[in-house]
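Paired with subunit B in one complex and with subunit C in the other, subunit A is shared by the two complexes that follow.
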Partner chain A sequence: MFRIRFHGRGGQGMKTASRILGTAFFIEGYEIQDAPRYGAERRGAPIFAYVRAALEPINERGVIQHPDLVIVADDTLVPAPAAGVLAGADEHTVLLINSHEEKEIWKERLNLQGPMLILPILEEVEDRAELPFIGATCAGAAARLVGVISRPSLEQAIHDELEHLGQAIVEKNLHKSLEAYDLMAEQSGSATPSPVRSAQVWENPGWIELPFEDACLSTPTIHAGATSEMLKTGLWRTMRPVIDYEHCNRCWWICSTFCPDGAIPVKEDGYPEIDYEHCKGCLICVAQCPPHAIAAIPEHKFQEDAPEGEES
Partner chain B sequence: MKRLLLTGNGAAAWGARLAQVDYIPAFPITPQTEIIEAIGQWIDNGEMAGRMVTLESEHSMITAAGAAAATGVRVFSATSSQGLLYGMEMLFTVAGWRAPFVLANVSRGLSAPITLEPDHNDILAARDSGFLQIHCSTCQEVLDSTIIAYKLGEDAGVRLPVIVNQDGFYLSFTREPVEVPDQEQVAKFLGQFDPENTRFRASTPESQAVAVLGGAPYSYFRYESHLAALNAIKVYDRIADEYEQLFGRRYDAVESYRCEDAEYLFVMLGSFATKAKAAVDQLREAGWRIGLLRPRLLRPFPEKLFQQTLTVTKGVAVIDQNISMGKGGVLYTELASVLAGSTEPAPLLVSFIGGLGGRDITPEEFYEMAEVTKKAVQEGQAPPPRLLYTETDLRETRKLQAIAQAERSELGGSE
Partner chain C sequence: MNETRFKNVKALPSTHLLGTGTPMCAGCGGLEALHEIYDILGEKSVFVNAAGCMTLLAIYPFTPFRGSWLYTAMASAPAGAQGIRDALDILLQKGQITPKDDMQVVTLTGDGAAYGMGMSATSGAMERNLDFLYICYDNEGYGNTGQQYSAATPHAAKTTTSCGPQGFFGFKKPLFDIWAAHRPAYVATVIGAEPLDLARKIEKAKELKGPRLIIALSPCPTGWDFDPREAIEIGKLAVKTGIWPLKEYVNGEVVHTKLPKKRLPVERYLEKQGRFAHLFTPQRNEELLTEIQERVDRYWAEMANP
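Right after this comes the complex of A and B.
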């Protein structure tokens, strides 16, 4: 059975990628399962979708624990623990990263045992959440890497999944997807199916006895406010608002008031300051600022330009 | 007949469409909303007849469904989890009206704490409501069961509403190949709904089971509902035969997978049971004589079918994706009652609780459950019920507790 996982951000079309690949497998005569994983999903938040494909009926279900192929649409997610990009990846797993950077850099960074491939980003975009046609691109690459999907089947799958969006959009997706399909020609068939784990010998799951604990500990209650502070939603940001203090006129803090996440506190000297650990990059502050003193820059550009060791 | 890729939600919507339902009262809730979205779109496009009305709550939605069914039209509705519980008063009430309709439930664990992922405490809370329950394990089964549910509920010997249950995420958002039967064939199979004396009309008021009754008549009506539910087993078997003849897919009241010559069995409900099938295949390959029994019908409970298969085995691992606080697994309790009351030798039942709030069950855990059951049989003693929970699960929880603890002290809350 083939097990493929797509990782990206809300808005990048990972569900679409899984559906295109699922449909392409189906056209090739495979039994399939495709599914997105939703949580409190939002644009920019890490999400994933997965596909199973086999020539016999599929009994396995749920999130893929041991993938044969992992495709990452947005390389800024690779180091984010919350995205779980590398979960269950081993020496069998092919990892394909959509990135500006070279394979060698990623190899050194991640020190993984399995094969690694790069899907080069060919065009520059401001907002990574809007990488154009990235879902179809990833699906095209995946279709070639599994080695059992023909070009016409991929084309048909894109038509089937996207025709409700109109011919112009289908054409653009087709172009990008087939481009990625052709780009992976040399690696065709490098992602191979793995068997169901055998019951001859198995690793003990290591169940434990859940201890009885007093209600003061075992009640799901937090008697304190501001608990959402612990969730670093800054990770979702693809565009970064930056205050130009030369032009900030310390008005009555319209940016701070409009910020839907309370992520712009006002300092003692009267200047607002953006809390980048929690700012999701909605850019409402940019739109509201009366003297236009807040600019928006692509987060990945900022990260690239930031001096070593400066995270946010 | 065409084979499409459909989610469990899409399959439920197709079931309602092919049953040519007349009325769909609706209220959205994750992970069910896609069902009513699909139906809404079909009605807008003119691909489906029928009238859809959005209500202000599930309580009103179930009331509207029961009231519409009482006029003798074909009704479909859908909900999940908290929504099912919000409509709970009316579930019991409309079942007592003996006006059949079909309700899709997409199982999701109950609050508190809150989750979006599946377990069966929502649907099991409706166990004693008078609704019949069909539990599905694939998207194909969701579509077929929805159609079968109309035939079952509308049968003159039953006339009870039916819930068709599927697991959130594992089916609701997962696409699988689904054969969609032809409309004419489904219409032929279902026929026209003959509501007999179910013909409430708004312009001609009449009362529907609202009189305050004493114990004797009350008992009569309640027990008659029970007898109708029991009768539904026989009716279901007949309908399953008819369905197989027309559509080529067989749905026994209890699915029996590789149970021939089995010494050991897994018993569980819902979509996680297909994982048990995969485990059975692997265990058989490793030399085990093991199978899976999966009740499709939970109400009525197909007791005889269970008796026949269970009593010839040595040990049974009952896996409950639910928990009755202060007792344990609901399915385990139900199976125990099947084996009681007879002097025949009975297999050893071993109770496992797993998959709460969508917590996954791995292949290794199925193998281990088989091993624990085998050992229990050898020792002649069942171990205490086992929660499928690992050191890693606890570590994840401890991390959250540590954060909570830190926040309490930092923010001046109580210890």
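Right after this comes the complex of A and C.
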């Protein structure tokens, strides 16, 4: 059975990628499953979708734990543990990253055992949340890497899945997807299926006896306030607001009040300070700052320029 | 209360009580209103949350609140508030908490619950003169499930269940009037883009007893289809065009708290949102645009000459 995971950000079309690939497998005669991970699918937030394909009925359910192929649409997610890009990847797993950087750099950075491929970024955009046609591009690359999907089947799948968006959009997606399909020609078939573990070898977990507890004990309670701060929503950000303190005139109430997340506290000296661990990059502060002292820079550029090891 | 603590914008809170790290979308107008409200309300509050986007605020073990939070079904948040109010009253009566430890009971729902499913429970709570504060974050549709239309959806807006060339056939329900007709202690409309007006209203509501209800128009980048950075601009335009009148009902009277001096054409608000794009492209739908403008004009004419 093939097990493939697509990782990206909300809005980049990972669900579409999984649907295109699933349909292409189906046209080739495979049984398939394709699904996005259900949860808070917010724009910019890390999300993933997955595809299973096999020539026999698929009994496996749920999130893919041990992928044969992992495709990452946005390389800024790779170092983020919360994105879970490398979850369950081993020496069998092929990892394909859409990136400016070389394969060798990623291999060294991640200390990976398995095969590693790069899908070069051909056109960069400022705001990665708006990467054009990246879903279809990833699906095209995946279709070639598994080695069992023909070019016409991929074309058909794109038509089937995107028809409702109109001919012009279908054409652009086809072009991008087939370009990626052709680019992966040398690596065709490098992602191989792994065996299905039969139910007979499944070991039941040991029986755990839980005593019946009164509701006042067994109801989940939280004994601290504002624990949500432990969730680093800064990871969603594709554009980064940066305050130029030379031009900030300390009318702090505007950025600090208008930030929906309350992620711009005011320091004692009256200057606002952006909490990058939680700023989601909505850029309301950039739009509202009266002296235009807040600039927006692409998060991927910031990460590329930052010295190694430095985060946020 | 005569004197407001919020004389000017510099009096607004510069540190914020509501925790960061919530799963609300980037640029969420509802979260913006909530964090502004929570700063004024303070941490001595218990939230009763009906199903909706803000259900996701508190997913165990994470919460942005500094006090308790209770989750109810969509139609029953005011009933949940009754239970909590009663429990607090019993604790007070038995002397197990002091009046100093008493808390504000706050119902938090979206427009789906406030304008539709939960209306009967809200009406009942007002009938019983329940001492609670109701906050409705109104993003004019069932946002958490992909923006299907609700009873708060404005005329002609495109939603996933009103996607024809004319958009939504119905009209936004006049919830403010329906609530005010119950003669509760306080009703107000607010918007996060006007934080001073919002702060004064919450300050006033906090001091009153009985049912107090707030509707916060919540520009929604995801459901209304606009760039999140425009959220404040769109909120300000809602007020400046007169489509979202800022007002309050107190002591039996309705008072407008921010009168747009010269109302901007309502298109200026509509054209910024993808949900109204069909009114402008491929060609302008003059008939619908005129109808929407006339409706706003009529509101303000009736307001001036009741």
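Following the convention adopted for this analysis, the second predicted complex is superposed on the first by the 285 of 312 C-alpha atoms of A that agree within 3 Å, B and C clash if a C-alpha of one lies under 4 Å from a C-alpha of the other, contacts with A are read in each partner's own complex, and residues count from 1 in each chain.
FYI, contacts are C-beta pairs under 8 Å (C-beta built on N, C-alpha and C of every residue); 3 or more make two chains touch, one makes a residue touch a chain.
This is a predicted model, so every value here is computed, not measured.
*Asks:* Is A:G22 in contact with subunit B, with subunit C, with both, or with neither (first, second, both, neither)?
*Replies:* Once the two structures are laid over each other on A, A:G22 reaches subunit B alone.
*Asks:* Touch check for A:S256: first (subunit B), second (subunit C), both, or neither?
*Replies:* The answer is second: A:S256 touches subunit C but not subunit B.
*Asks:* Tell me which partner A:M230 touches in the superposition: subunit B (first), subunit C (second), both or neither.
*Replies:* In the superposition, A:M230 contacts both subunit B and subunit C.
*Asks:* Would you check which partner chain A:P220 touches, where first means subunit B only, second means subunit C only, and both and neither mean what they say?
*Replies:* Once the two structures are laid over each other on A, A:P220 reaches both partners.
*Asks:* Is A:A54 touching the first partner subunit B, the second partner subunit C, both, or neither of them?
*Replies:* The answer is neither, since A:A54 touches no partner chain.
*Asks:* Report for A:I284: first if it touches subunit B alone, second if subunit C alone, otherwise both or neither.
*Replies:* A:I284 contacts subunit C only, not subunit B.
*Asks:* Of the partners subunit B and subunit C, which touch A:D34 in the superposed model: first, second, both, neither?
*Replies:* Once the two structures are laid over each other on A, A:D34 reaches subunit B alone.
*Asks:* Just subunit B (first), just subunit C (second), both, or neither: which does A:R43 touch?
*Replies:* second
*Asks:* For subunit A, give the residues common to its interface with subunit B and its interface with subunit C.
*Replies:* After superposing on chain A, subunit A residues 220, 222, 225-227, 230 contact both subunit B and subunit C.
*Asks:* Considering only the defined contacts, which subunit A positions touch subunit B in the complex?
*Replies:* Interface residues on subunit A, with respect to subunit B: 19, 22-23, 26, 31-39, 58-63, 65, 196-200, 202-208, 210, 216-217, 220, 222-227, 230.
*Asks:* Looking at the complex, which residues from subunit B come into contact with subunit A?
*Replies:* Where subunit B meets subunit A, its residues are 5, 7, 30-31, 112-113, 116, 169-170, 173-177, 271-272, 274-275, 277-279, 281-283, 285-286, 288, 358, 360, 362-365, 367-368, 370, 386-392, 394, 401, 403-404, 407-408, 410-415.
*Asks:* Given the complex with subunit C, which residues does subunit A contribute to the contact?
*Replies:* That would be residues 40, 42-45, 220, 222, 225-233, 236-237, 252-254, 256-263, 265-266, 275, 277-278, 280-284, 286-288 of subunit A.
*Asks:* Note which residues of subunit C are touching subunit A in the complex, please.
*Replies:* Those residues of subunit C that touch subunit A are 9-10, 12-29, 31-32, 35-36, 43, 56-58, 60-67, 192-193, 195, 221-222, 228-233.
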